[in-house]
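Take a look at the structures listed below.
The same chain A turns up in both complexes below, where it pairs with chain B and then with chain C.
Now for the complex of A and B:
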């Protein structure tokens, strides 16, 4: 039996156009809506599976009031408990977030903490690793499968030389990359159950030192100089001319 | 002094993104202080590797060797790097923004209790040291201050062209065997399976990639696309919609959460070109898009485009290729 903690972050859905807030300190989600990152959806799925043998799965987020939405989503797909550290996540740097996650893991006696490899917005690639040092635990980074048996976590993912496997005794931290599991969709009963869960609310343990952000900016739009080769199948000869020019047809 | 972690290929050569990172280090050095650049490799490097790094301006190559480095452990690599950093007094430690590079630098930053900037594209100034880095999968940039006694960063892939130095470095080899604590070897790769043929390795090194997105329509909609892939000796890359719908396996996904490709030619068919997909294909030399929508971002960013239904356009291209081959 293992008690798992999984860390998710409320982020702006950036699959359409990205707009910045007036103070250029964050991405503005007013028009785009919010989500959690793809890696974290997989981390939630892996956490739920890892705790399937009667352990608990606690989802935690550090975010504003609205981040409850992401907690409810995780509860609806199988997490059993939730903690909300209520704070403005854009005022927290990666070391700050790691410290807060460590406090939650300690208070709930978690044996395994799962996170995303990198957050979809700030992309710092480090909260999981900093958390491991804060807890004094080993960390496996950037894997896509995670299983737990007999006090050992086995995890695997793609490395530069092939598919790599790690085996680490609990307690441990693991950061997850999308691709190893299919996150499930919430069912109606899942959503009903999620509504009834009492979410633990906390304040941050200490004031954040903050990210080292000066400001955000948008990359300049690239001018389009596309050459339209034609419409429909009639364009095929023009396409193959281009393939010949580029020398990719020779065989 | 600047310390750069250099990753090597199976053949023992410095990977391109690491050579880019060294090139980036030279720009930093030239901008102020002419700081010497040392490299750190894992395992004993070949004479060729040392010579290559010298040609990129590296003064000294510190090779981390010993039992702790025979299989990958992020904490052990970081511990070895920190021992070299302390010995040399380096005030900047950096790597390429690869999975390993980002992981090891995060360990270094956590252990030294300093900030880390991931996926840096450029630097704005040295005093204060301000860098610009990719965030939101490349849809936005962040200016970030690195004010610590040791600055830690990774360089985004293809932020600079890898270029040899005008004056080569001395390229002196120093073999290091730092003692690594047991705790740093707990999370260590215990086995590596050879990638199956045609896994993402082929995708990332292909000269030509045929892309397929939602426009493929269904799992059965790939026949013509696979034929085109075959005719061009290319690899197939797909969008996340395609993998999340289960039409194709995840290892074929291109983008922020998939592979990053840099082929000579990318032919995305029925892919809108969302920023997260673009993050994985932006360094393609030429893009030829096939899309029904003339305003799709992939079309406006492409070099060439055909406007039309891929199920009509792709078979016509295949037929034309076969016709010309006779």
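Now for the complex of A and C:
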């Protein structure tokens, strides 16, 4: 039995054209909507599986009141408890977030903390490491499967040299890359149950130092790869040429 | 890949179900050089068609919508994209059961097979439903689902096969050029696109939720709003996965929770109309690139949906709670809503620029056919006048109006809407000059065309005791909702003494100039080349001989005619006349609606009242029936017109707006000594006219009815040409396919002992309850129902099969699924009250 804490962040969902807010401080979610990153969805799935036999799975986020939507989602797919650190996440840098997550982990006696490898919007790659440091726990980064047995975390993923497997003793921090598990969708009953869970609300422990971000810049639009080869039957030779270049056809 | 040509006969913007259907029917009707554009890719360019639930329930209380739906179902079936599933509409409450009984009336009236069934009947066909959640259901076996994207492709391909069509996807419209013609009309000339400009004679905006944005490019308001309809898909459900094809179980509409459950393969789709109205501006809809799914599949807001989720689960727990069934797709789908719920079809005030928008999948192909016919022939087989873009008054063209009304109406999508129900939002808009007086008199205001019109006056409540049971009180709450027995008391007092009626809402316009006579002659059936000072009541026809309107025309001078028509249909009538004003540059049409107020005074003492206020001669010899002239009255001059829509002696007085309140007060004061009272529209619009058998446009009269069927033909037809003349002459030579009759209800007592009063729309059956069918293949239904207090009867008007149209014929009306005996009392335009018209003299 293990009590797992999984950290998620409300971010804008992806679309082919990124839209920034008017102040260029964030990606605007008015069209694409909000979600948690694919890494975090996998972290939630792994957390739920790890705690399946009698443990608790607590999901935590730091964000404004809208971030409750992501907590409810995690509850709907199997988390049992939720903590909401109510704050404007854009004012929090990676060190600030790590400090707040550490406080939650301590207060709830969590034994295993799972995070996404990096946030989908800011991409700082720091919170997991900083959190482990703050807690004084071992950390495994960038793995895609996590299991717990007899006080030991076994985590594996793809490294530069091939498939890597790590074992560390609990308590521990693990950051998750997507791809190892298929996150489940909510069920109707899961959603109904999630709606009824009382979410713990907290204030941040201290004022944030901030992310030190000046602004976001959009890259220039990618040039179109579309090349029109022709119309109707006359286009056939050009298509054959392309297929040959691609190696699909051998001459 | 096709490029846009530089010229076209018609450019159809949009490749959703409407645009695709339009190009098909335009090609079928022989048009060539048709160009169809869409910003998105084919076959799903990203509009509402792409995420539609694609199911069709044919029964609606509106005949127009039902006819469009039935025509669409026929077309979908011909294309092989229709799958019949059957459908249930559930009632959780007794109030809803009553609504379903009313729905049975509509089903019978439109000839659609339907049945009220028990929860057990539903369970037999939908085994995973919980029968303790509802008390009954409305079963329509012909409900089904369609593949609207496939249908669109097939229709486009059919048009392409004729060589009539060029389709260019991936092209965005950036502008619409309008030019002013020699006749003073603004005309569409060009469509600007990201792929070049197209000179076009005609342009159709079939852009669904984007239509207002495109219309604005030509200065045309298309008053619809994009609105969210939430839906989720739950699956795979083992109960569904075991079946073949897209749908094997009937669709369930859970009316009281505003939800539906519709099988889609192994998934169950749950859709909702229960949440708050979530509206967007057309400009706020993301582009294809900015959207996560498609532009009209907005991010799901789960909080709004949660209450529905629980209700859906209670109804189908074993299915929606099945092991492995997950919510894999959930959207806030955008669709188009309008203030009155009807589509927006027809030619805009910019000539050649048409719209076909705010159309559901169930009406798409029917709308495509109707609009194509309208464009090619000038009229459509199915009357679509309730959807005419010309119906809107200026205040209704504001986005604010559409937002407020759709916010108010969203919950009515599955709601129980009384036929007389009034909107509350965006009122008041237009007040009569005597409004303050009316408020003091306790007027209960109903709205028409933005005008606040007294329906009855609480100040007349004292008459109830005086008339006792003659006011025909109604016991049942539904029958008495949006109604008062005071209406009938006012009616009796008008017939006994006199009534003063505010008719400020009348649409009034003057046609002046050398072409004025030609304009009214060519638009009106009746002879308008009459002496100056004469009043003419006339039908107005379309080219096929169907009604466009009925109205009155006054000849005020050799070259000056005044047209007076109802507020509801006023803008459409005005546009129709404006379209027939000759382009001589000297003939003008001027709206007088806002500077003239009309007050009616009718009843046996009307002459006495008027005589006391004017020095003019208002005797029958001095002021004959159907004549008009200016008279001095109360220190001002009014145009008096001796005419009546309530069957009594009296006048319409056309008063300058600034003097109207004073004239109103003077009439009430002078009238009081004769027993006259203010009388509301409840009398003017229903009880007064129905006793006289007067027909009303939009009820008895519409584009599918002829003068002959309405029994309004005169012995002669004028020699001058007029629109619809050839058709009218042919109608006169043929036996009518149906005959408009007046019936009395012989017994009002229901099985439970309550007296019931029909409100209109109910089917007329044989005395035993058998179906009647006229020579059009239509079934008779009540076009107007109302009290006839002077006769002590409740009267019904309906078009009957010709062989049923004989005096004394004993038939029945079905109301809330009970039969009430009726008897035919008039088979022509003869009124049951004062049939010889002696009182009008």
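One rule holds in what follows: the second predicted complex is superposed on the first by the 226 of 251 C-alpha atoms of A that agree within 3 Å, B and C clash if a C-alpha of one lies under 4 Å from a C-alpha of the other, contacts with A are read in each partner's own complex, and residues count from 1 in each chain.
One rule holds in what follows: a residue touches a chain if its C-beta (ideal position, glycine included) is under 8 Å from a C-beta of that chain, and two chains touch if they have at least 3 such contacts.
What you see is a predicted model, and the numbers here were worked out from it, not measured in a lab.
**Student:** What is the contact status of A:171 with respect to chain B (first) and chain C (second): first, second, both, or neither?
**Tutor:** Touch partners of A:171: none, neither chain B nor chain C.
**Student:** Mind working out whether A:78 is in touch with chain B, chain C, both or neither, as first, second, both or neither?
**Tutor:** It touches nothing on chain B or chain C.
**Student:** Where does A:123 make contact in the superposed view: on chain B (first), on chain C (second), on both, or on neither?
**Tutor:** first
**Student:** On the A-aligned overlay, A:55 touches which partner chain: chain B = first, chain C = second, or both, or neither?
**Tutor:** Neither partner.
**Student:** Which partner chains sit in contact with A:239 here, chain B, chain C, both or neither? Use first/second/both/neither.
**Tutor:** It touches chain B, and chain C stays clear.
**Student:** Once chain A of both complexes is superposed, is A:14 in touch with chain B (first), chain C (second), both, or neither?
**Tutor:** both
**Student:** Looking at the overlay, does A:93 come into contact with chain B only (first), chain C only (second), both, or neither?
**Tutor:** first
**Student:** So in the superposed three-chain picture, is A:204 touching just chain B, just chain C, both, or none of them (first/second/both/neither)?
**Tutor:** So A:204 meets neither chain B nor chain C here.
**Student:** Counting touched residues of chain A, say whether chain B or chain C comes out ahead.
**Tutor:** B
**Student:** In the superposed view, which residues of chain A touch chain B and also chain C?
**Tutor:** 14-16, 228, 231
**Student:** Show me the residue ranges of chain A that touch chain C in the complex, using the header's touch definition.
**Tutor:** 13-17, 19, 29-34, 69, 72-73, 184-189, 191-192, 195, 228, 231
**Student:** Please name which positions on chain A make contact with chain B in the complex.
**Tutor:** Those residues of chain A that touch chain B are 12, 14-16, 18, 20, 27, 38-39, 93-95, 98, 117-118, 120-126, 129-130, 132-133, 138-142, 158-169, 172, 177-180, 182, 211-219, 222, 224-240, 242-244, 246, 248-249, 251.
**Student:** Touching chain A in the complex: which residues of chain C?
**Tutor:** 1, 234, 284, 286-287, 289-292, 298-300, 302-303, 306, 309-310, 312-313, 320-321, 325-328
**Student:** Chain A touches which residues of chain B in the complex?
**Tutor:** Residues 7, 9-10, 72, 74-75, 98-100, 102-103, 106-107, 109-111, 113, 115-119, 130, 132, 134-147, 154, 183, 186-195, 199-200, 207-208, 232-234, 240, 243-244, 246, 250-251, 253, 256-258, 264-265, 274-276, 286, 288-289, 294, 299-309, 312-313, 315-317, 319-321, 324-325 of chain B touch chain A in their complex.
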